[in-house]
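Next come the structures, one after another.
Look at the two complexes coming up: subunit A is in both, with subunit B in one and subunit C in the other.
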Partner chain A sequence: MMELLVPVLIMGGIGAVLASVLVVAEKVIANYGICKLTINDKKELHVQGGKPLLTVLREQKIFIPSACGGRGTCGICKLKVLEGAGAILPTETPFMDQRELAENVRLSCQVKIRNDLRIVIPEELFSIQEFQTVCTRITDLTYDMKLFRFELRDPPEIDFTAGQFVQLLCPRYKGSPEEVYRAYSVASDPQQKNAIELIIRRVPHGICTTWCFDFLKQGDPVSLNGPYGQFCLGDTNAPAVFVAGGSGMAPFVCLLHHMRNKGIKRKAEYFFGGNTVKDQCLQAEMSRFEQQLEGFKFIPVVARPEPDSGWQGETGLVTDAVRRHYTDLAGHEGYLCGSPGMIDASIKVLVELGMKKTSIFYDKFS
Partner chain B sequence: MKESPEEKRLEETLRSSQMVAGGFMGTDPRRPLEVIEDDEDLLDKLKLSIHTLGRRMHELTDLAIPQMGNWIDDPRQSRLRVKADDYNGSLVCPWPHPGSYQKRITTVKDKNTGRIVSWTDLNIHMIEAHGFFEGKGAFFRIEPAQIAAILFPDLT
Partner chain C sequence: MDNINAELWLMVVTLFASVFTNNILLTTFLGMCSFVSVSREVKTAAGLGAAVVFVMTLTTVLNWLAYYYILVPLHLEFFRFILFIIIIAAFVQFVEMVIDRYSPKLYMALGIFLPLITVNCAILGAALFMVIRQYSFIVTIGYGFGAGLGWMMAILAMAGIRQRLTEARVPRGLRGPGITLIIAGMMALAFVGFTGVLK
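Right after this comes the complex of A and B.
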């Protein structure tokens, strides 16, 4: 028995000593001190070394989009690191193509700042700001969608293009001990710079939507950052076909405000699909837009109206209604927002009806 | 057996609630590898492979997607109805490899028994690629015996 126990104890002791040495070394040797971050060869930041680049940039109010919270699993937080990052890690290479590898693109969440770095950040990301807001209104739109209004406190105003989105910081709450960011399209009038409105659909067991629906109250502080995204109305006079479903309504409300503000008179027909009559929303607001915008028409579509609903409008899938409505879409532009299934089906129908693929713009839920 | 650093990191990620509410392990005290091995044993007893199961889940999800949240009868097994609801956002695979999946919930109902099973696109991937059905108590834990009873009743 002792013959077995002694070597086990010796090996265990050696392991414990080595672990202690590593802990001490991490604290003493791995003190990277102050490191210089040179951004786009224009700006220099002096930061404490030892943290991931993504975290340090966020602390410096430079927001790099990321979906996984810095765990190295989404591959979104890519940046060019020209000098100082060392060899690319095995956790990064699966996300990179040959061009990116050649251009020193790295996942900013995986690059630990150990020395001076020279990095390139796309200019558009510098316009992204963090906003401290207060939730001032929560309105039920359907059984699973709500409109949330956030009034900006610091900074007090935001500039965004109709169609863009923001990220909402979901704080820790009972059952969700970690902060997460989630992206939502802006639904409010871009001219109204002191507030942001978001249309959010509840995701079953979703971290952020559960907080928004079950915990967030009027008067609560909320942190947002943005604006992000390139989904916007093209600068042409081509007649437009809008297609959306669910919370895909949000960017179109914003685009319609923009069209009214700018006096855009282009023809636009908006097909909004829902499975039942209960999935339809904002009909009064759409009627107002029909009165204010000369060429605008709202066409709600219900796949399977409830028998007692008295629904008189279009029925079937939203793509069925588009097909019934048009025979030739050559020269039109398509704007789509919704699920990948709806967008793929809509693109197929629009192209079959003669619309050029290059004239179709979409914001997929992804 | 002691966990390797990679297994430890994976377990931390699976237990974290940063990617999905409540985490992928739920309240399950077992290590992820134990969960995977125990579920593998259950499937072996049913003589059902994860590939066969994954393929059938894909088939049903693909059948439902064009219906945009509406029910459709399965032409292969007429007792089954299926629908797929899409939500804003994506779910990222917690394993250290690229993998982002649409936030979509497929629901299958057995019209004869009334039994229902639901899964996400990420569930299909985690079952096919990692043999992982999630831990007990996780919101999207799929019980191998329950899903087999609905999709492959001849085996149960």
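Right after this comes the complex of A and C.
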């Protein structure tokens, strides 16, 4: 017995000594004291130094969009740091272009607070909040897409612009040892403020989609934050071309609700691409929108219809359908949402048909 | 006096041997993960290499002391894997904190690489080799420094080659880690040429 116990105790002791040395060192050496954060030259926060800026801002309930959870791989959490951040790190430079380097844009997950900082946070980010919600409904849309409804508990209401997205916190589970945030566009009516709906498509081996599909049940609590993003309907009256594929459907459902709420009568044609007939969804909702909105037309496009499906609609790639449909797109506006490949191909076609690049707005999944 | 001179001579020989004939990366293929992922640019490779030299020299020395003054007297040699790992981890963490606090310049050059090499197998490998090969304290200093230097030399050479490769038309399936491993294999073959120069 003693033969076993003594070595374990000795090793445990050595480990404990080393750990306590580190704890003391962290208190003494890595103690940066209280640092002052000046935000937009208006607001001052006093925070404990030593942690990354992104983490500290999150603790202060200021949510900066980030998709990788602070590991410096997504490059989304950019902020202007005017003073106090020191030189830019090699871990940040791959995400910056010349203009951003000149404007002191930094990745807030890589900037550690060591002293007083002066930073700029875009005003719209202050409206971003964290929401505790409950998943109240899960509906199958296709074999690999589901619609999830989350009712807000705390805070009880959300204000967002149609086309924006939220981040869903995927907790630790069997398939993933750490928490991750993933971004999803809101698909529900922006007038409905006490709940939001997300359309999620299963990504094979995806951390968050696997959790949503295989583990999340009705009645489970879910944490969301948002809203983020600038993918919104422009103020013009130009005829619009919507192009989407897969779960790119989500923001358009939201935009259509918005158009109906505001009585926007502009012409809009919505091309929705899927590989097979089985990939098409929400057709009943779309025909309802067609009745409610004068200028709106839904055009589902199927790349390879199953021989026995009796598909009557458009076939081929969604870009082929756009090309067949229009001869001149000058003066039109394009709204695109889907995979990077689909977006790039669509931009090419729209520009070829005469649409101005500045009139094309998109939300690229990556 | 003769004894110390002999020791010093052995240390120098071990140092050179661990740089060339027994290069830890190219003969035992340890520390491959950071070798493959951080060898895209000479500048970053130099930073990482310097961090490895620094950490390897000091941790092999620390681990030598821990092994011969703690584990051997207590007959707990079989615990060396665990002890070495926690000493390395604690030491790297400690050094990172100190550098981060007191020398921002050094932190930029060296400190940001420290977390990458806490769990580098070459560091642990060097500590284990020093036990297996029964190096004395003085020889261990030379060995730790030499092994780190050898690792740094290999990653610098690889980064130099890969910078040139950016212009080359590498077959798609081999881009990135694939071609890096093939190059590493060729470099290892070249280093076989040093065998026998030093014993």
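Keep in mind that, in the parts below, the second predicted complex is superposed on the first by the 324 of 366 C-alpha atoms of A that agree within 3 Å, B and C clash if a C-alpha of one lies under 4 Å from a C-alpha of the other, contacts with A are read in each partner's own complex, and residues count from 1 in each chain.
Basically, a contact is a pair of C-beta atoms (placed from the backbone, for glycine too) under 8 Å apart; a residue touches a chain by one contact, two chains touch by 3 or more.
Quick caveat, the model's predicted, so the values are computed rather than measured.
Once the two complexes are overlaid on the shared chain, A:Leu18 sits against subunit C while remaining clear of subunit B.
Once chain A of one complex is fitted onto chain A of the other, the partner contacts of A:Pro155 are absent, as it touches neither subunit B nor subunit C. Greater residue coverage of subunit A by touch, when subunit B is weighed against subunit C, goes to B. Using the contact criterion defined above for the overlaid structures, shared-chain residue A:Ser176 touches subunit B, although it does not reach subunit C. Judged by the touch definition given at the top, the superposed model places A:Pro122 against neither subunit B nor subunit C. In the superposition on chain A, contact of A:Gly331 is made with neither subunit B nor subunit C.
In the superposition on chain A, contact of A:Gly313 is made with neither subunit B nor subunit C. By the touch criterion defined above, A:Ile10 reaches subunit C but does not reach subunit B.
Once the two complexes are overlaid on the shared chain, A:Thr91 sits against subunit B and subunit C alike. Shared interface residues of subunit A (contacting subunit B in one complex, subunit C in the other): 91. By the touch criterion stated above, subunit A contacts subunit B in their complex at residues 67-69, 71-75, 91, 94-95, 175-178, 180, 182-184, 200-201, 203-207, 210, 245-247, 273, 275, 303-304, 317-318, 338-342, 345, 365-366. Residues of subunit B touching subunit A in their complex: 13, 16-22, 65-70, 84, 86-90, 92-100, 102-105, 139-140.
Residues of subunit A touching subunit C in their complex: 7, 10-11, 14-15, 18-19, 21-22, 25-26, 29-30, 32, 86-87, 89-91, 112, 114. Subunit C contributes residues 43-44, 47, 70, 74, 76, 79, 82-83, 86-87, 90, 93-94, 97-98, 100-101, 104, 108, 112 to its touches with subunit A in the complex.
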